[in-house]
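These notes open a run of structures that come right after.
The following pair of complexes shares a single chain, subunit A, combined with subunit B in the former and subunit C in the latter.
Now for the complex of A and B:
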């Protein structure tokens, strides 16, 4: 039944809407980006091919390498913090204590509320004169005068990371929690019977069995963080003086701000190449890991 | 599970390696799940810190919405709104005249995106779950590869595409690209669900002379309904939480703006009326928040179904 010719035709007919949709809205723009990156397209309707000129320009003139390095640092710090905090959160929410269900619901808002709304609230919290962070830290005597977190390069850099972590943490936590719950309870009970403490069991049972979940989630949040736009755009628009300009912000500014579509497309292509490299490295790592298990 | 717990508990009593607590806790929990007082204290302290990090912006946002502007812009910082009032919740309707429309737009755009995605995804997921054909794996991989690219990367050609389709400054400029990036993971999710429906059901219907389309409609669809509900909810949340960049770039008409963009314009003004901005944000997200509390089970299911290995 499933291999006959009519079955294949039926399957393809079922797939057609999704396939056509993605081809038009994602695949065609992707190809178009590659083509545009070799042109001097702008707001004018006609444009010429300029060969590698856009790529030469972005890599020789300006601070593109600096932007790439900054993007990598920003992404790595954010993904690392999401993984660590998400793991801690999952451990805490996995504990069999009263209030568990309520706590699990309470961590969801950053994930389900429109990102932009959450970012507005962070925008106020970072306010130097009147915001919560500066205010509370002053009350506790950690800092002695107001700090406008978004006004200086390095604090703005960290502030955007913290907000990105905040948005990503609920999803990572829930995912890790589910992975943690799928670990057979027998393992913990056997170890417990042999006198293994909680910390030892976490290190020797939970963590090793969580590696696949951590790998999957790191790739997913790596892609999401690398492409993160809303947070930086709302909080700092890439400033002050470029200190939070990541590759996505840089591309957006070039394309939508200066209307240099060709050069913007070249920057977008560089992003696509990096993301593809992440995915290849990830699947290599997964394959190596599963081979190691088979041995 | 409780049987296992009980047997281990018996084993634990015999085992001298286990140090039992000196005083007896009146608890029915299996021993392995019991905590000493300092362990419980540590857990609650950890949870308090964790939840404070997660909820701080909402707490602060809510308190700000209660503070009069004079108190808001005064130093030193006061956490608690001592002379708080709900004034901002009334005045915001004058300051943001289109607020009701923004809230509706957000909801409307996400709903249409959800409908489009479900219509496109259900047949595709069925095809991937049931039929073997050349290139099926490659095609599925191709769909998943879409997840690698964000809307922000493809913004330039998408902008040109929307312009040439004449969709700029319409609802469709936000719906069409919004749905595209939610289709791949929805296919993956629903395919995982449909694989678990026994194949024998299709075959029995086939033997009884049902056509393939009839089988999909009358046998598979009812059984896959819980999975479709999860996909629909995940899609709605995705569309609702992430509407920003397309709405920012492809639409400039205020009457079509979703809530985040409508408030972003308000945010960009020289003097931000923070208490009203926060009040408007809260009122805007409240309906969805209430729904989420009831649907959180499905959200967890949706997030973790993809997690389980293919």
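Now for the complex of A and C:
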């Protein structure tokens, strides 16, 4: 009994630094935000509890529902494109083609370049007067006048997605490549011996065996993209006319722009609920996959 | 009729020559085993026949047709891999049916062929299971089933039993031999296990460093090894080798001085070995306790009692290991000198190049 108690104490002593760190850095702000979401906190030093008023307001007044829908569309499009492009990239990098090493190097810059610099670079590329995209499309006769891609709602929405995809694709590609290379070579050789061509092998062997990797990466990417702030903020700050305002941008604007900390906190709690749901789905999927593998 | 013919076959990976000019004929219905130590090129040779490795030079003929540039599926072969190479996400049925699905055969024909293979391999009750739910032996059978449904001219097996435990391995060995009898197909089987080679093969091809050391029936190789390598590789425990020098070779007898062990006279007609440093070989199972045509005294440092056999391990004055295999459970204590004899007609002699002298 004594020895088991001392074992527990020893374990707690080892865990204590991490637990204290998590309590200060994660748990305290989370609880504080939750409490703040029930107040009318602003720049004034004192504030009152307002019950569910902030939650009622964000869902009844303003356009928060529209922001939620936009966030989901933005996230789904971005994640979907990352998965498709990442898979294509992995297939190309995995194929025995000349210049494979060069391609492996070329795919890395979006990941290696500091994110803010990459986003600024895209900001200039989207510029109507000096931007490369507008210039090239004019040269090829696709457009007849300069287009400032970030100045219009529709184009800005897609421009932010493209930038997010550009930054996210390398990691997805490398992850998929690693998963693809972990498929035993024997399986492909056996299928080839049986007469299966490249596409048939990809469809019936590679893709089904990649499902765990695709599922894991999709969910991780979903969580990261849902919370993506830097790209939109640096490129458009949520504009023009809110066309690129996602939940995280909206929360920041409410809390830091309008100084409505209580209302901002309520929005942050809603984001937290959505991300928690994604996390639950992710962990359940991981558990299911590992149980499947154990079988 | 020759079904597979290898002519001056070579394979190099960059500068490294792995297969160094192999010539071989395999007749229809034969069970041929490629055997050799790790790295001797046996699996590479099999993969070249399968079409999984390019041929650097030489020709592979299957059924009289050169297949060097044909993809595996057009060669009329089916291969069973060491790892089984089963598709983990497919059922046993779909694994076996895979080659037929590639061929786009009608479902009725797929059902018929898979059913027939499953019956032969006793997998009928497992068809809806996934490979992960099967034992090692059952997985092996599924891999064989996938080969059978293609009705190939030649079956290729790449160390198919090496992932199984000893008991299952001997069980599967018998199943494979029965399968060979039932199908009557040509089978080429790669293994590093000489017991598998001896028990299964009609013809053994012993490979050493990318070349064929000897081709023959199991008993040919056992009784008349062409060289030191084959003599040492075939047989378990391996043959004892004792270094010596030929003092006389008169056309009927070769006399070899074995140093501290004495002089042995062997019935050989060769005169060319006179004066050469040679190697005398005697299999452990040919030794007898007590006197013989030739006798020597050794002190076993380890004795293994296996019930049916007793194995003694000793070191000769020249530093060579000397193993004795005796029937039953004789009284041979460790550390006690032991007189061992053997018949000179069972002694092998190898010249200074390592070639057998008969």
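FYI, the second predicted complex is superposed on the first by the 269 of 295 C-alpha atoms of A that agree within 3 Å, B and C clash if a C-alpha of one lies under 4 Å from a C-alpha of the other, contacts with A are read in each partner's own complex, and residues count from 1 in each chain.
In this section, a contact is a pair of C-beta atoms (placed from the backbone, for glycine too) under 8 Å apart; a residue touches a chain by one contact, two chains touch by 3 or more.
All values derive from a computational prediction rather than experimental measurement.
Enquirer: Taking the superposition on A as described, I'd like to know which of subunit B and subunit C A:214 touches: first, second, both or neither.
Expert: So A:214 meets neither subunit B nor subunit C here.
Enquirer: Touch test for A:187: subunit B only (first), subunit C only (second), both, or neither?
Expert: Second partner only, subunit C.
Enquirer: Output check: A:286 vs subunit B and subunit C. Expected answer is one of first, second, both, neither. What do you get?
Expert: Neither partner.
Enquirer: On the A-aligned overlay, A:22 touches which partner chain: subunit B = first, subunit C = second, or both, or neither?
Expert: In the superposition, A:22 touches subunit B alone.
Enquirer: Check the residue A:148 against both partner chains and state whether it touches subunit B (first), subunit C (second), both, or neither.
Expert: Neither partner.
Enquirer: Can A:200 be said to touch subunit B (first), subunit C (second), both, or neither?
Expert: second
Enquirer: Decide which partner touches more residues of subunit A, taking subunit B and subunit C as the two options.
Expert: Here the partner covering more residues of subunit A is B.
Enquirer: Have a look at where A:50 lands relative to subunit B and subunit C in the superposition and call it first, second, both or neither.
Expert: Touch status of A:50: no partner.
Enquirer: For subunit A, which residues lie in the overlap of the subunit B contacts and the subunit C contacts?
Expert: The overlap between the subunit B and subunit C interfaces on subunit A comprises residues 186, 189, 192-195.
Enquirer: Name, in rising order, each residue of subunit A that touches subunit B in their complex.
Expert: Touch residues, subunit A against subunit B: 1-3, 7-8, 10-12, 14-15, 17-19, 21-22, 24-26, 28-30, 32-33, 36, 85, 88-89, 92-93, 95-97, 103-118, 120-125, 129-132, 134-136, 138-139, 146, 166, 169-171, 174-175, 178-179, 182, 185-186, 188-189, 192-195, 198, 212-213, 216, 223-224, 227, 229-230, 233-234, 248, 251-252, 255-256, 261, 264-265, 268, 271-272, 275-276, 279.
Enquirer: Using the touch definition up top, name the residues of subunit B that touch subunit A in the complex.
Expert: Of all residues in subunit B, those touching subunit A are 1, 4-5, 8, 11-12, 15, 17-18, 29, 32-33, 35, 39-40, 43-44, 46-47, 50-51, 53-58, 60-61, 64, 72-79, 106, 119-121, 123-124, 126-128, 130-133, 136, 139, 142-143, 145-150, 152-161, 176-177, 179-181, 183-184, 187, 202-203, 206, 212-213, 216, 237, 240-245, 248-249, 258-261, 263-264, 267, 274, 277-278, 281, 284-285, 288-289, 292-293, 296, 299-300, 303-304, 307-309.
Enquirer: Would you pull the subunit C residues touching subunit A in the complex into a rising list?
Expert: 50-52, 71-73, 77-79, 81-83, 85, 87-89, 98-99, 101-103, 130, 132-133, 146, 150
Enquirer: Mind pulling up the subunit A residues that touch subunit C in the complex?
Expert: 184, 186-187, 189-196, 200, 204-205, 208-209, 295
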